[in-house]
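A quick write-up on the structure given underneath.
Note that the chains are named A, B, C and D in the order they appear, and that numbering of residues resets to 1 at the start of each chain.
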């Protein structure tokens, strides 16, 4: 039974997010350059969202010693709503907000997304600013103890006060007016983070869901950071479109290897409109927002492993590297039509094997074909194989999706000799 | 994609289990009396399993101060396999085991089940008995530290020794020869119980699955006790047919109320062949195996609530009370054809609301009808209602399944005035 | 080896604290009335501290729905230091702070104490107020994530910034100038409260210790709330004079009974200058600061039990009830010279027995006498006894300290028939 | 107040234990060779205990793949009491037990110790052997779920059965008859190991204490393994003479560095008769009982650090290396009279500083001198210093105890340039 909110994301969302490359420093020029590149090179393959990540209302974001400047002055409107910092997003001048940028991106045939922290700015609270459409001030709806442990911008909102909903309504009304298509809400997903804290982020998720519905505009709702707790899978499936199943993911093998355990746990919770999220793809050129940029630390084999796991599991795909810096190799990973067909049209993915040395996943295509992903988790080259009986087959015709070539008919079992940390992604059809 | 093992339990298993009424003392006469009653009164409604619970190999079971006599002498064959104690199960004489009882039950058109603890008897280990088909003895496959914390009969088996699989194969070969249709394996389901113990029951589940497959006989695999951990849902779905989602359930309101939280967590993991298990139904006359018997402590309203929750969630239904003692009221709970139709033919059950005072569940019938279960969790009478918009309906024709009568057309929302701890189970179809 | 800081509290501090009776609403008149009463009736028995508890800088403290008004405007000086709210403490007018009150209390031969929360006011931080003697502002030394989970006034201070020490120095310099003799620092003692928070209160304890030492004035340092973690006993012994071993204590038997477990754990950590603190004595008339006052809910037997445990364990004694409302019974509990002699002159207290029904403690007097405290933890009258051999005695002369009478010589064991939840406190000397 | 049990260990016990070198394989010849060496070279410095560690009743101990052979046949007497395996301890023949070995060791002027696991042999339980002096059998006093997670020999004893005490009495009566002076009881000290297990080892400690007292012979009671939980410090101080504050200690820097944290936590719990135990000294030649021997992996600097920490903290000193293999360097560590004077005559040791790079401890001698231990926890050479003001001194005369030479008078602070992982141990007296 499809919910209304599911219909905005019937397949895993695909796009670009500014965090991995530009962190808190992203600006209008960078957003538009990435949009231009996407329109030119990626759009035909299904990539569509351009997402501006955290602290777009902080004029000096990213200029301090640490990730965020604490107690910095944010750009707020008279109702305590964050507005884009005009020094970074010049088109926002005159109260236009993100509307001009959204319009440009829409005109390219793409969609526009923003990041927010749950809650209300501490600055609005300590200045006792009014909440739009109510007769209360921000300090009357904020919870003094409901904070993020990694960012000091906000207080959580008290779900027992109706004016808290009004605040959320007021910001999503603004986002709808701007033309926002995707909202990544942060500090909200790992609801077990605060064991000694009476606060539960569940109620904020519900308020945000309601605010989106009331806004009258379709928006994908993405929850962060992880790990989400699986006991609440049903709640996220009910209210959100995607939610992080891990802590922040970066270009380290240990993190990639650990993702197999996360996918194992979440494998039964993937369905249209409901996408457990393995986090962004740190490919190509990244890290420029953190003092100095770098090429991804992943080997090519590891990059293939990542793309294969994300695709067969059906995680959202959000490119983290700066798109205009893509080289041909990176571009080839993002534009493999057969792999992206798997992302969009496969179902019932499940793990067949996982131990310290290897993993095997399988899934089914709408066209009745079967997929098989073989992963080598060792530090050395190794052969990974899977008996066809595990798929209840005796023989099959095999095609390699990354190599884009047919390997021919096999009997009994399918094997691949894999590079260290490497993977093969195969499509199996009835033997000719 | 249905697995082979799923096909033995396409709908939630229904039967009777000896524990709630006879505990560890059950005997042949009691088993057969319950089978007779089931054949006569319940079989037409889908009830079919007659299950003999724990310690059937212990001649003096249930005669000590505590639940189990520790370090008691069990009846074993020469290969360390438990055999029915002949003083309690006379037809087992001469090495016949449970075959004669199984045959009688089969002749009634019913199916026969038994309980086992995971592992190998400590007695076999300390006597160094041989493992059938191998040249090792029991002490060579047992793990000295892999024990149950509530029953002292067994040691776990070392999954790294191939002869451990041989032991499991040897017992399931015996059960197949007896004609066993259902095996409840105990001390195996809550795999998080032993945080400081290197042992994991997962490997024993896998050995048991393999032993059943090799036995050549269909058997339902039921895992106990709970709470199962939801991170391992995929593993239980892969290997078992039902698994307990709670600790032992008895006739106390606190336990029944707590079950709503369990069902909430597990709601997405119910599918043909894979049945999260709310445990037995302590209805009618129970407790005779624990010093003295009693009528269930549940009020009638609570009994309806239990049957409603188990049915809409699609838990297995295993009657715990002694069947020949059923009164008309109890029998009516077990033989409501419309409720049992829901158990067998509904799908996509989900919780709409749960707080400290009420819960609402809904599901869909194969015939496109919708079900709505309204629960009053308060200690006083209360009205519980649900807006039809939650079901994406504007009006509906309503039938009460427990009252077996049509309530007529409703607009806007459905309500019921409910007894303390009571429930209503409604079927909604398009308004005429 | 006595530390310098130990010398300000060679015996357990005794005094009155405003919290139990006046909560956050206490005012100058109430402080002085309690001081007057103490000077007249309690001073000869060793009572000396008059302590003003939380939120004395909040003009409207206690007038909201909850315990504290969140994001209220506090009275601060230009350096972000809290000053007494002048509407509540009129003598503070003109920047005099607590000096006039301290002076009055000193003139009665008593000592004056105040409560503070660790850290720096959020208000000072969000207003970017300067830190005295530095060129930084409050926002540059505060940690955005270091907060109390029960009071929203403050941010913790960053121990890696030297200006954080400067802020603490600035407030203790002020307190020294006022004539403060005792500081209860709150939100600092239970250092395990924030398992997911990088913050540790240990560093703030060290900064506060240093600030007191630098102030040039002797002040008792009292840490709150509990439970303190015993792994850090050595740290509190090194830096503080008293620290709470429990969460807030009130007039409920369950809390009093639970204190026996706390004293058991902490029994080896009591020494001059270092006093594990069982919290205030909710005796007499209390609760007026929380909507409505009441007489203590403790029975007389429970009051004796509390006074006996606190005294033999050598907890600080801080009266919580409003002193001018003391009746004769309450006064008698606070002025038993023999019991208070035990408090001041006994040592090596240890628990001999504790189970669900009774507890027995013993200690030694400087004069070589032995103390024996017998506690009845049952809900019914019961006899509690102790073999003299446990004290390595064969006979003894026994005096009852609460009854103030000699019970005579005993052989073998000492017994007392005790009221429900009651206690006897006995002094044993060599049999005459 | 000294307890009776304290008097058998007024200073930290010093001796040799067979585990580090011979593991479960130790035999009579090895015991006596070590005793001979101790008598000849170490006795004048206070070394006196020769302790036979685990599984002396197992004829084939140490011959399996793992540390212990599970479900092996132990040598038991008719009452289920373990007896030395005669193939390993020939003098035990004819039921003599350890008496002949004890006698030889006593004749050298030394003392004899043995290891036991808490509880009763599983073998005695499954064979239903009688408990001496009672009419019950072993299976009636054993708890089926009270087991060690690392050794399969025993079941714990049910403290609610009086015959459990009788069993302990029966074994300690035997040990007293043999002439045992020291008992290391294993699987009993870390009472928090079994969070889901109703069993608490506390009651077994109490039964053992009582059995020793009843045996009529002085025996040091040593509890293992750790980490002991500090909440129970009072209980161990009451009943035992030494208890392990860590898990097993071996010759790895990480473990040695971690010991500083353990000593920090336990620093206030060291007193005559009560010795928190840092575990054995893996010095010289070790590991021969584990497939192959080796020289200690500790550098000389690390060996000095270990000896310094153990000595100033006043841990028991139990040499782990095979004594006859000692080289001069190792012998010099064990026979430094000034360091061992500190072990025996210092008091009030406390940590002054600890961070990731260094640690500083101080203590006081009976002769009023002060000790100062400086530790370099870095992987590179570093200077560690301590202001004399921390000791409330302005100047001092300094002697280096390991170098055995006077360093002369110092003012202001004391420093030492230390090797990686190295230490200095200094005695400070009034400047001449």
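Everything below uses one rule, namely that a contact is a pair of C-beta atoms (placed from the backbone, for glycine too) under 8 Å apart; a residue touches a chain by one contact, two chains touch by 3 or more.
This is a predicted model, so every value here is computed, not measured.
Undergrad: Need the most distant chain from chain B, centre defined as the mean of C-alpha atoms.
TA: C
Undergrad: Averaged over CA atoms, how far is the centre of chain C from the centre of chain D? Could you give it in whole Å?
TA: Distance between chain centres: 40 Å.
Undergrad: Measuring centre to centre with CA averages, how many angstrom lie between chain A and chain C?
TA: Distance between chain centres, rounded to whole Å: 51 Å.
Undergrad: Can you identify all of the chain pairs that touch?
TA: A-B, A-C, B-D, C-D
Undergrad: Would you pull the chain C residues touching chain D in the complex into a rising list?
TA: 1, 4, 230-231, 233-234, 237-238, 264-265, 267-269, 348, 350-351, 364, 392
Undergrad: Considering the complex alone, what residue numbers of chain D touch chain B?
TA: 70-71, 122-123, 125-128, 139, 142, 144-145, 147-152, 193-198
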